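I'd like to ask some things about the structure below.
By letter and in written order, the chains are A, B and C; residue numbering begins at 1 in each of them.
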Amino acid sequence: MSGRVLLFMLIWPFAALAQGFAGLGTDAEGFAVPQPDPTFDFPADHGPHPEYRIEWWYLTANLEGPDGTPYGLQWTLFRSALAPGEDEGWESPQVWFAHAAVTTPEAHFATERFARGGIGVAGVEAAPFRAWIDEWAMEGPDFDTLSLTAQGPDFGYDMEMRAEGPLVFQGDAGFSVKSAEGQASYYYSQPFYRIEGSLDLPEGAVEVTGSAWLDREWSSQPLSENQSGWDWFSLSFDSGDKLMGFQLRQRDGTQYSASTWIGADGATVAYPDGAFVAEPLAESAVAGRDVPTRWQVRLPDRDVDVEVEALNPQSWMPLTIPYWEGPVTVTGSHAGVGYLEMTGYE
Amino acid sequence: MALLSHWRRNPLQLFAFLAGLALATALWSGVQAINAEARASYDAAAATLGEGQFDQIVPGAGDRIAQADFVTLRRAGWLVSPVIEGRLGDVRVLGFDPLSSPAGFGVGQGDPGAFLEQGQLFANAETAALLDVDLSVVIDPGIAPGIAVGDIGVVQRLLGRDDLSRLLVQPVQPMERPALEDVVPGLRLQAASQTADVGELTDSFHLNLTAFGLLSFAVGLFIVYSTIGLAFEQRRGVVRTLRALGVPLPRLVVLMLVEVLVLALLGAGLGVVLGYVVAAALLPDVAVTLRGLYGAEVAGTLQFRVSWWGSGLAIAVLGALAAAGVRLWQIARMPLLASARPRAWAMTSGRAQNVQGGLALLLLGTAVVLVWVGQGLVAGFALLGCFLIGAALALPLVVRPVLERAESVATTPVARWFWADTRQQLPGLSLALMALLLAISANIGVATMVSSFRMTFVSFLDQRLAPELYVGAASAAQAEAIEAGMTAQGADVLPLLTVETQVAGQPAQLFGVRVGPTYRTSWVFLDHATNAWDEVAAGQAVVTNEQLARRAGLWVGDTVSVASDVMLPIAAVVADYGNPRGQVIIGETLFRDLHPEVSPRQFGLRTDDPGALREVLRRDLTVPESAIIDQQALKAFSLEVFERTFTVTAALNVLTLAVAGFAMLMSLLTLADLRVPQLAPVWALGLTRRRIGQLELLRTVVFAVVTCLFALPVGLGLAWVLLAIINVEAFGWRLPMFLFPADYARLGVYAVLAAIAAAAWPAWRLMRTPPNALLKVFAHER
Amino acid sequence: MTDPVLRLERVEKSFGTADGVVPVLRGVSLTLDGGETLALTGESGSGKSTLLHIAGGLEAADAGVVRVAGHDLTAMSDTARAALRANDVAVVFQQFNLIPSLRVADNIAFQARLAGRVDQGLIDRLVARLGLAEQMRKYPEALSGGQQQRVAIARAIAARPKLLLADEPTGNLDEATSAEVLDALLALVAETGAGLMLVTHSPAIAARMDRRLHLSAGRVA
């Protein structure tokens, strides 16, 4: 999900100016920089890391209604620091914002929130776990047992989640490299949530169940300058195995890709650049542009050769920073569901 | 070349063309520049304050909201954004949170990250100069005058506060929110647009200016039209010759169009520069007027905005082209062999007269209808326009019979000729005379309005400003101390309680007053029921000001709701000049019942010894000097506001008269060449040139006098419209009309003098015309 | 003996032009008695119009003596000259004789009224003789060229001038109209006993005058 680094760095133009590189531990503005071979400290690391520039708690869920209708759900809290560290009251350099969305086969609802840190309107606490902005919250006694709520002007949801597997570390034991030049982030996931609850839609409430995938990532580095956007896949196969794969599109037409195979038991295998291949099969006109909404996805090392198709091609997030994010169905060598995120399609 | 040489040979016409256009453009673009500047200030104010367009959550009492209430509201799903407001010296400081605010507060294109990170204040250059803070102040011309804006945290620190003033409510809210009183019981929701919109209030003032600008422009266009008319008329010969030589007509027309265009651009460009000068000279007065009358802040410096100089150029060029177009069309239709002789004078055909008369009647009729059925300021100005233009069109039709009558009773041949010739001059001069009529009537009308206003206003001030001292209290505690202290000093204390509210759908101020002898004796009602003050004191009735009564269509005896469950009859309507807002006055007891949270912040003090009282206030009650105003100072200030209000109008008035005089001069000068063939026979028959010149002068005086006489009723009609209709629509009050015959007489003398001044030179030139030039009229070659 | 209505002695006149001072009249002398008619002919630029203007008090001579009806014009003020024009002289030009703002009736009576001797009977006869009865209430603009000249002649004679000056009075008219207007003019002059000096190009018209004077380069030939 590293592409999101670029996405949210772009919100603050000044931040994108800071071209810090790994090696010294901090960049030019004093932000900490991810280092290889990380040691995580839980539950503390579920909480914020204000010395890093950007961080998120990113949850997507594939759901099903009582009549079998598929739905998708997104809940994301971002932290973006104007300066490293934390301070009291309005002096806090931490800025929080959040996105929430619900996708049905016919409709897509999305909304966003912004808040300043330091005064209590938004924040994250590690134990007991509590991530909130305004009345939205993801909270519970611990990271494995969470309730989730969010609402917009025309939709909302209240969900309960329970983790049925271990945390999964992406990249090299949680150190995820994003470019040939070495930009990287800390990145772990909890892809094994069972989730149930109710969606509040214009036509009424819908009881749903399904699976959810939570990504935790923090970093201080923007993407490489020659990267224009990314396509990110989180796929859950019927077998219980999962695949996270992304490719960063580079301006010269090539891609930088990375992927992690997650076994049903939580064992992971990370694959280097080039192992994971995603090629567009069909595009849809979305929000005045063409966005690929059907993909050929291959990971030959695992004999994966599937077609990934958007549940609703119009899963556009028309927010301050617009992007495409929505549930997908997977057919081919492996069947299943998943989430697809695409940015940089102008 | 043959065409261009015309202007070289007639420098006077060239001058008239350029000067007329420049004057027209100058007044128009000057006025537009002032309007544009003021509007920019309002826009900045609207953008900076952004109050009107969003619902707000405000404290039920006091002016503070705890920051915790803001957090609680957000956590409950109320999407609100904090605003803190305070004063630093003369500057109003506003803090807001750029992340959550629905309003931009006028801060320019800078990114919000920089805004909240840098710890800076933003203000325009004038305001920045007034700020004495330890912060860097970023100059942002988009921020309203008198206001500094900063991040909420920065402003809290600056003001030494940790609370908020109010919360802006985002227009889009999530699906489910608990009721406000369940979340934060002490706060209340105030719907959008309760605060009066400055732009709306000042519209009338700007419409006023625009009307003057248009009037001046019309007069200037008269000049251009007659100049172009003459120039083209005189060039019929050249055109005929060129066409005979084989120059195709379309080419000629295009050539002449290009020529007019170039000259028009030249004149208009000159006018824009002049307009800048006019606007720059008038703007400070306008700024004071708007601040005094409406509390609207306008920047005192003029910016070169494309909106006004562009419109000035465009309207001038279009005007010139329109004027030329008529003539070009005539030339294009002129048969090749038509006489090259300029038509010395044209008898307006009966048909044209009928059309003009019909149009005048139609416009005047429309004006009468508008008096009855018109509503709103625009209708008021439409009425004004119809009336004035109708009167102007009617002028020649009124003057003609007068001249015919004079001719018929004249006995000597010279007198008969004089009147006949005067009558025949009418078509050629009627545009200039209409301009003069408009200028004189505008002067009469505006002078009547201003003088009536002044008389009313001064006596109003004398009545209303009865207390010898006025004191402002900074806090509720100080208010109590002042009231107790002053009562102990033996002063009659008149507390003034006030809240912003809505009455009869109008934003209004609700006042609570302590009814006593001061109110009973010094307030003059426009209309009242018996025992009005007793009823008010008993909480049984209210007094409203005229503005509110007229806007809401209420009068004495009607009932208004002053609170959700309190309906009271109107016991009296009081005149309230110099204030655009609605006011409702209730007794102190009732007010304190309705708004227990409000403490008086202003006191009027009746005393025999203001000096001693002032000393006690300062020394014992630590009231700052700036919070104590004595009656004299207040009267002086009010009068100054009043004077400034009409400075601009008066200046424009004088300019309009000057332009009308210039129009007269130019018409006479351009007609002078045409006059020679008309006068040569009279000269040949035995009148000296001197005599003829004197008669020419006399003729102009006759025209001016007749026009003045006609302008008097028109001007008085105008004054009536201004006082009884425009004022009511614009300000909400109706003024009694007084007549000022001495002023009118003086104005008449000025107008005649202006006409004489305009006619003197052409007459003098005529007296100096060599016989030779006169004889050429009769010669074979012309 | 009575003075001649017009006596010119060695009249000189020059005009300043771009090419310097150009002499127009170089010592012209002539006399004209009441009831007498004189044709003044000559090339264009020979000075005949200027001579007529000087005789009418419209322009002043540079040198020489100009006497009209016994008054010496040489020393006259502008005002006196104007009075002379009003009282003793009438001029009919080739065109634009009429006051455009006055009706035909007022035009005809204008000079007579100015001179203070309105003879309504004479005017009525003039109007009838010149066939202007239909035109009396019209403005000059509405008249044809011939009609305008007739009005000018009527006005000139109605004032009973001692000296009648005419500068190509029929120059703008066609031949038939011209002859008609000239007939009327001569008949009326004879009736009132005025002296007539008439400038013309036409030998036929000149032939109808009592005397003919030919100007050439500012001198009597």
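Everything below uses one rule, namely that a contact is a pair of C-beta atoms (placed from the backbone, for glycine too) under 8 Å apart; a residue touches a chain by one contact, two chains touch by 3 or more.
Treat the numbers as computed from the prediction; the structure is a model and nothing was measured.
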| item | value |
| --- | --- |
| Chain whose average C-alpha position is farthest from chain A's own | C |
| Most centrally placed chain, judged by C-alpha centres | B |
| Separation of mean Cα positions, chain C and chain B [Å, integer] | 64 |
| Geometric centre distance via CA averages, chain B-chain A, whole Å | 59 |
| Chain A and chain C, separation of their C-alpha mean positions in angstrom | 113 |
| Chain C residues counted as touching two or more neighbouring chains | none |
| Chain A contact footprint on chain B (complex, rising order) | 67, 70-71, 74-77, 79, 97, 99-100, 111, 113-114, 116-117, 151-154, 156, 162, 172-176 |
| Chain C contact footprint on chain B (complex, rising order) | 344-345, 347, 412-414, 416-417, 420-421, 423-424, 677-678, 680-691, 771-772, 774-775, 777-780 |
| Residues of chain A touching chain B in the complex | 11-15, 82-83, 89-91, 93, 95, 111, 114-116, 119-121, 132, 134-135, 151-156, 200 |
| Chain C to chain B touching residues, read off their complex | 15, 49, 53, 56, 58-59, 78-79, 81-87, 91, 93-102, 106, 109-111, 113-115, 139, 141, 167-168, 171 |
